[in-house]
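Each of the next two complexes has chain A plus one other chain: chain B in the first, chain C in the second.
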Partner chain A sequence: MDFQIALILGQDGITNGAIYALLALALVLVFAVTRVIFIPQGEFVAYGALTLAMIGNGVFPATAWLLLGAGVAVAALDGLGALRAGQARKLPSVFAVNIGYPLAVLALLRLLPLTELGLAVQILLTMLVVVPLGPMMYRIVFQPIAEATVLVLLIVSVASHVAMVGLGLLFFGAEGYRTPPLSDASFEVGPLTVSGQTIWVIAASVVLIVALALFFGRTIYGKALRATAINRNGARLMGIPPALAGKLTFLLAALIGVLSGVLISPITTIYYDSGFLIGLKGFVAAIIGGLASYPLAAFGAVLVGLLESFSSFWASAYKEVLVFTLIIPVLVWRSLTSHHVEEEE
Partner chain B sequence: MKLKKTLFVALGLAFAAGAAHAQLKVGITVSATGPAASLGIPERNTVELMPKEIAGQKVTYVVLDDASDTTSAVKNIRKLVSEDKVDVVLGSTTSPNSLGMIDVAAESQTPMIAWAASSRIVEPVDEKRRWVFKTPQNDSHMSTAIVSHMTSNNVKNVAFIGFADAYGEGWYEQFKSVAEARGIKIVANERFTRTDTSVTGQVLKMMAAKPDAMFIAGSGTPAALPQKTLKERGWSGKVYQTHGVANNDFLRVCGADCEGTLLPAGPVLVAEQLPDNNPVKASAMTYIKAYEAAHGKGSVSTFGAHAWDSGVMLQAAVPAALKKAQPGTAEFRAALRDALENMKEVPGAHGVFTMGPNDHLGLDQRARVMVQIQKGAWKLVQ
Partner chain C sequence: MATKNLSDRPVLRVEGLCVSYGKVEALTDASITVGEGQIVTVIGPNGAGKTTMLSAIMGLLPSRGRIEFDSVAMVAPEVETMVASGMNLVPEKRELFGEMSVEDNLVLGAFQRYRMGLRDHAQTMEEIFALFPRLRERRTQMAGTLSGGERQMLAVGRALMAKPKLLMLDEPSLGLAPLITREIFRIVTQLRSRGVSILLVEQNARAALQVADYAYVLETGGIAMEGPASELAGDRRVIDAYLGVGGKHQEMLAT
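The block that comes next holds the complex of A and B.
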């Protein structure tokens, strides 16, 4: 191996690491606020990438039907809740948001000439379709069991992952897709050729991480989420509704997932089931951060990316084994250094 | 639906004719859903086009789906031989499924024609496998085609990258034994998985070995990733793929980056371009015309043609068997097995079948051609 190969591998590792970093941040965020280990995080990556590919091919994305279905379910749940609480006047707004919005998106997708739109508009449409699935999923699946143990939440999370993969096969078929790159440019940096897409991935990740930091540090909603993460009951006493915190968290997680999908799909072919493995590597990174520390998780993600690219050079047959074995020394180290706290029941 | 209708019509006719004419019953298990669905669906579609009548006998098809699952495939063949009392079993789509079905076929003494590729399905022809035949080429047919193309194009060193599973491993073993015998050196041996997002590391290592050609052993669209990365890293030499990528989805995903790729394939992939004196051309065109008439232009795939060839075999073997016994009897099944084994020079969509007591595949080098991707289409290499 010479210096140039090391540089190329390093660049490759950092590009993938940037995607894993985004997913790791989302996983840490979701776990901190709702105690859910969010396995379906990867599915949002695949849904985002494949919905964009469908729109790019001028095909009506079937995820829009899922949006409508989930919207109807949420409207039924919320509507019933409002009726029980004797607040019938809330009904119109519940229906407008949960059924009106999906119908509007559906109409937009039907009416617009999908293939003629610019890539930016297509990405925006993709977000309009897939991102709301996050909070809807929280409302339907996790909100009713918000007080359950971490284990129960994990099992439900695995179940939603399996359901989403199955739906993905139904929506997108067994074959994979690629989307056009955000930029065709490439730059010569010394001995390296850096593609525009690589710069997009790294820049978008950094911007998103900074934006998240600002959101948590400066805005009232961000502070509310942080408060909920530190102490759920305390936050509740301060007037922060846990359901709102949960929905907001899932909105962010879905947004990050879809963005990652849009960023990665020009680099590699995405299949309906690709999301799981990408999400799992983000999870390894999140574990390095102890599912609590954002900077450590981001660092872990870059480490996973680099380990992956260098091991694919030296021992390609054992690449995945090496990446996932990394988790063992990390767990040993964490369990030796950190004080173990029993989960309060 | 159409199939069902045909079945009803066939059944109705059979009843109308009374019991005077026994009918030929063909049992089929196919992986129309599950991971092998992209192969199984064209095969199931092909069944609808198979002969409805052979030598004056009505043919009834009983089609079951095994969802790409070995247990279901075995269950299906048990049901077919015990409840439906079929005269012959066709399928299944994948090698594990077909291997599992051998025992039942032998035990019930029912001839079986598999649509899966593994050479172990029919080799060696022993007490059990004397009942089993198959239509797809062995991997060794394909790897000798690649190696002879390499030797005639002065390729001395090859870098190999394959799936990190049975497909890639099997190809590596096959390729290595043939290549080394012909003096070709494998200078790099890498693996990747279907779900990989990047193969830069492997590709750099392959390029550092300075080979004369690259060989990618993957199937379907995932095999496009190494090739795209090679292009990205400035590789402009020869790239070989396997026949596992011979479908239109691969062309769609790989796009311009796959221009010039070489691969071996069954002649049906480029039937129109075959010279008129090629014995496979006419029979392959028959299949393509029949399939495209039913499912639209450009819809035909090489996988469906394997199913078609089993129909061709039946058409060739059933008349001989009918001379010895009536369908529905053990004697007929034994006679059909003998007739299949004695088949000589029967042209199908994928090649010319000549069976023997030790050869239950019967294909020779006419069963594969080298193909190159040119301007986003398959082009026959002369």
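The block that comes next holds the complex of A and C.
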């Protein structure tokens, strides 16, 4: 291996690492606020990428039907809840949001000339379809069992992942897709050719991470999410409803997932089940951060990306094995260095 | 048992409140009333059900019985709606956000108001800082690094950020040095003069009876006695059980 190959592998590794970093941050966030280990994170990547690919091909994306179905389910749950609490006047807004919105998106997708739209508009449409599935999933699947143990939440999380993969096969078929790159430009930096897509991926990841940091540091809703992660009871007493925190967290996780999908699909062919492996690599990175530290998770993500690209050069058959084996020394090291501290008072 | 605390404008009226943990009944048929601008205290020994009662009123625990807050009957109270309608609880454990700054803790106290479109938290925070100058000095410090007394101040300040009509304090003197306890009780009295009604749960019966207008004695899950605080403070049974004799030292600290 010469220096030039190392540079190319390094570039690949950092590009993928930037995407894993986003996913790792989403996983840490979801776990901190809701205690859910969010296995379906990867499915949002695949759904985002494939929905964009369908729209790009001028095909009506079947995920829009899922949006409508989930919306109807949420409307039924929330509607029943409102009736039981004797708040029938809330019904119109419940129906407008949960059924009216999906219908509006459906109409948009039917009426717009999908192939003639610019890539930016297609990405926006993709987000309109897939991102709301996050909070809807929280409402339907996780909110009713919000007080369950971490293990139960994990089992349900795995079940939702399996369901989403199955639906993915139904929606998109077994074929893989690539989407056009966000930029065709390429730059010569010394011996290295840097593509516009690489720059897009890294820049978008950095912007998103900074935006998240600002959201959590500056806005009251961001602070409320952090507060829920730090002290659930304290947050409840401030009138921060756990359900709101959960939905907001899942919204962010879904948004991050879809954006990652949009960023990665010009680099790799995405199949209906590709999300799982991508999500798992984000998970390895999140584990490096102990499912708690954002900077460590981001660092872990870059490490995972580099390890993946170099191992695909030396031992491509084992590249996934090598990446996931990384978890073992990390866990050993963490169990030796960290010790459980009881909450004071 | 109907309460005899005849205040002309009750903020909180609880009747026949029962709470059970599984088959064990922790609170049986408790009735209390807090009038507007009153400090009402509930005293009693460990395990009498004081914290249970506050948690049930706040909606943290399921309960049976009638809870009327600000002349509105609360059916199956939920924490969120209770906070929105102006009730706030400072729990025994404080439940601060340890890894966030004092200022952020305070801002979050106004979360429910912010959500309802009332964006006056900067002004409220100034009022809190005037009440607790110590918190202003520590505004950028992490809440987890504060001393016990400062934590209690922050917990009370954070609850006040919601501009509550009724503030419920669970053992505010727990684990605090006597001088700081005195400071906290001084502030409790000050709050009453601002029109905040207070429901105070205390083991430090002497200090509680001195600041309160009306008092209830809670024993093994039921209200055993009640009356104006000054009367209870002179009651033989209360003195024997909760105040002890010759507590000159305690008396000095409580003033």
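Following the convention adopted for this analysis, the second predicted complex is superposed on the first by the 340 of 345 C-alpha atoms of A that agree within 3 Å, B and C clash if a C-alpha of one lies under 4 Å from a C-alpha of the other, contacts with A are read in each partner's own complex, and residues count from 1 in each chain.
Following the convention adopted for this analysis, contacts are C-beta pairs under 8 Å (C-beta built on N, C-alpha and C of every residue); 3 or more make two chains touch, one makes a residue touch a chain.
What you see is a predicted model, and the numbers here were worked out from it, not measured in a lab.
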Are chain B and chain C a fit on chain A, or do they clash, once the structures share the same frame? fit
Put down the vertex angle at chain A formed with chain B and chain C, C-alpha centres only, nearest 10°. 150
Partner chain(s) touched by A:Met238 [first = chain B, second = chain C, both, neither]: second
Would you check which partner chain A:Lys223 touches, where first means chain B only, second means chain C only, and both and neither mean what they say? second
Give one of first, second, both or neither to describe whether A:Thr51 is in contact with chain B, with chain C, with both, or with none. neither
Of the two partner chains, chain B (first) and chain C (second), which one does A:Ser311 touch, if any: first, second, both, or neither? first
Based on the superposed arrangement, let me know which partner A:Gly86 touches: chain B (first), chain C (second), both, or neither? second
Contact-wise, after the overlay, does A:Ile267 reach chain B, chain C, both or neither (first, second, both, neither)? first
Greater chain A contact set [chain C / chain B]: B
In whole Å, what is the nearest CA distance you get between chain B and chain C after the fit? 38
Partner chain A, residues of chain C touching it in the complex: 58, 60, 75-76, 79-80, 83-84, 88-89, 91, 93-100, 104, 107-112, 114-115, 158-159, 162
Quick one: in the complex, what on chain A touches chain B? 5, 8-9, 12, 15-16, 174-178, 195, 264, 267-269, 271, 273-274, 277-278, 308-314, 316-317, 319-320
Sort out for me which residues of chain B touch chain A in the complex. 35, 37-38, 161, 164, 190-202, 204-205, 208, 220-222, 224-225, 232-233, 249, 253
Chain C-touching residues of chain A, taken from the complex the two chains share: 85-86, 220, 223-224, 226-227, 230-231, 233-241, 345
